[in-house]
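Letters A, B, C and D mark the chains as written, and numbering starts fresh at 1 in each.
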Amino acid sequence: MKVRVQYFARAREGAGTEGEELELAAGATLGNLWQKLLSAHPALKPLDGAVSFLVDTRYVREPDLLREGDTVFVLPPVSGG
Amino acid sequence: MAILTRDVLDEAALRAKVEAPNCGAITSFSGVVRNHNEGRKVLRIEYEAAPPTLALLTELEKKTKEKFPVHQVFIAHRVGTLQVGEASVVIAVSSEHRGESFQACRWAIDTLKHTIPIWKKEYFEDGESDWVEGCKMHSLNENEEEHSHEPSGKSLHRHGR
Amino acid sequence: MAILTRDVLDEAALRAKVEAPNCGAITSFSGVVRNHNEGRKVLRIEYEAAPPTLALLTELEKKTKEKFPVHQVFIAHRVGTLQVGEASVVIAVSSEHRGESFQACRWAIDTLKHTIPIWKKEYFEDGESDWVEGCKMHSLNENEEEHSHEPSGKSLHRHGR
Amino acid sequence: MKVRVQYFARAREGAGTEGEELELAAGATLGNLWQKLLSAHPALKPLDGAVSFLVDTRYVREPDLLREGDTVFVLPPVSGG
């Protein structure tokens, strides 16, 4: 299945791109996706454990299943306000 | 419904949105770009927001109203380039009595800081720039007890109480 | 220096008086005339102030700055006849970080309520009017521990802790 | 010695006047003045114990001495804000 990833702030700088599309096995979890992203972009490693994820406005965790067509937002520590 | 905008925040107009004849108290908070941070001179700040931000700010307004006996809660956040002295966020709360509007306004800004996907990058006098160290983002619906308000990573080193 | 006036309070202008480039936070509070009190419909309120009021409000600004690490504190109070929805008091506080401006603003309005010689009389829908039951006035310089925030008289019935 | 008294809110209604001038013995305290006012205006009695006093911006208590020319503000429970 295809999912889309969008990076922000430090994560965008670590990945070196605003976003990308990936092909994942059916039944892949967010955790599977994140490991794949870490392998592809070693500069993301400092964010491992600090990063959070949203699919639309839904907060997702590593064990959560992804679905075809999901857009996953990769969110480093936030500093709004 | 919250506002997310690149325009200058009109704080009086935003505050007026929570007025109501049954309310005796309005507390409002503005976060403003400071000319310094951690000993360095700041010239301007760039704010960036992920697409879910507007919906999450609106959800934060709703949560605040659920949690506190207040009449109306309004949140506006600015993105883009902000100069020193400009407001990045305005939160206004109206209530019958003053205690609730203070508590709700304070809770809303504290909660915003670790539940809303916004980032700021400071531009310093010496030409350098850097992302402000933030907090790991939590879900607004998460049990509040689970929140760590410490900079991300540090919680690994916590032990005892 | 505080303001005591019969004119409508321009809350944006008052708030602007505490802005400063080294401040990241502004908290402001407005007390507003409510359309009801203790079950009765209120049409308007008349505020009356004793001559020392302006000097005491200015002293309250000073005390608030001494007590909290804030940059600027500004207080404006209105007197005369106020309609429902009009602000009777505005307190604005600026500080480097947000916690202090919330605490100082809250302390200032709480302290104002029992140290400043101002009275309000409510005019009800049924044509009656009455003074709002207040708090015994204390000195701003008094040890805060001595303050009773209860309506005057009740403290006689307090016992234990 | 002469002192001036100014009444506010409920105290003005109790005294039936905005203010008045009184002749006190030298060495009179605020407490002496207040007893004199209570005798002259029995409608002030409900305020006994609840009222506060200022001379200019100075907070004064019953044992405090008054001085020639003082203006004493008689202040029932306050309700500003």
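The rule is short, and it goes like this: contacts are C-beta pairs under 8 Å (C-beta built on N, C-alpha and C of every residue); 3 or more make two chains touch, one makes a residue touch a chain.
Small disclaimer: the values here were computed from a predicted structure and weren't measured.
Asker: Provide the C-alpha centroid distance between subunit B and subunit D, rounded to the nearest whole angstrom.
Answerer: 50
Asker: Using mean C-alpha positions as chain centres, tell me how far subunit A is from subunit B in Å, no decimals.
Answerer: Roughly 24 Å, centre to centre.
Asker: Taking each chain's centre as the mean position of its Cα atoms, how many Å separate subunit A from subunit D?
Answerer: Chain centroid spacing, subunit A to subunit D, equals 73 Å.
Asker: Got the subunit C residues that touch at least 2 other chains?
Answerer: Residues 31, 109.
Asker: At which residue positions does subunit A touch at least two other chains?
Answerer: In subunit A, no residue touches at least two other chains, as defined above.
Asker: Is the way these chains touch best called a line, a ring, a star, complete, or other?
Answerer: line
Asker: When you check every pair of chains, which ones turn out to touch?
Answerer: A-B, B-C, C-D
Asker: Please output the residues of subunit C touching subunit B within their complex, sorted ascending.
Answerer: So the residues of subunit C in touch with subunit B come to 11-12, 15, 19, 21-36, 84-85, 94, 96, 98, 101-102, 105-106, 109.
Asker: Using the touch rule from the top, collect the residues of subunit B that touch subunit A in their complex.
Answerer: 31, 47-53, 55-56, 59, 77, 88-89, 109, 112-121, 131-142, 151-153, 156
Asker: Quick one: which bits of subunit A touch subunit B in the complex? Just the residue numbers, please.
Answerer: Touch list, subunit A to subunit B: 6, 8-10, 49-52, 54, 56-57, 59, 73, 75-81.
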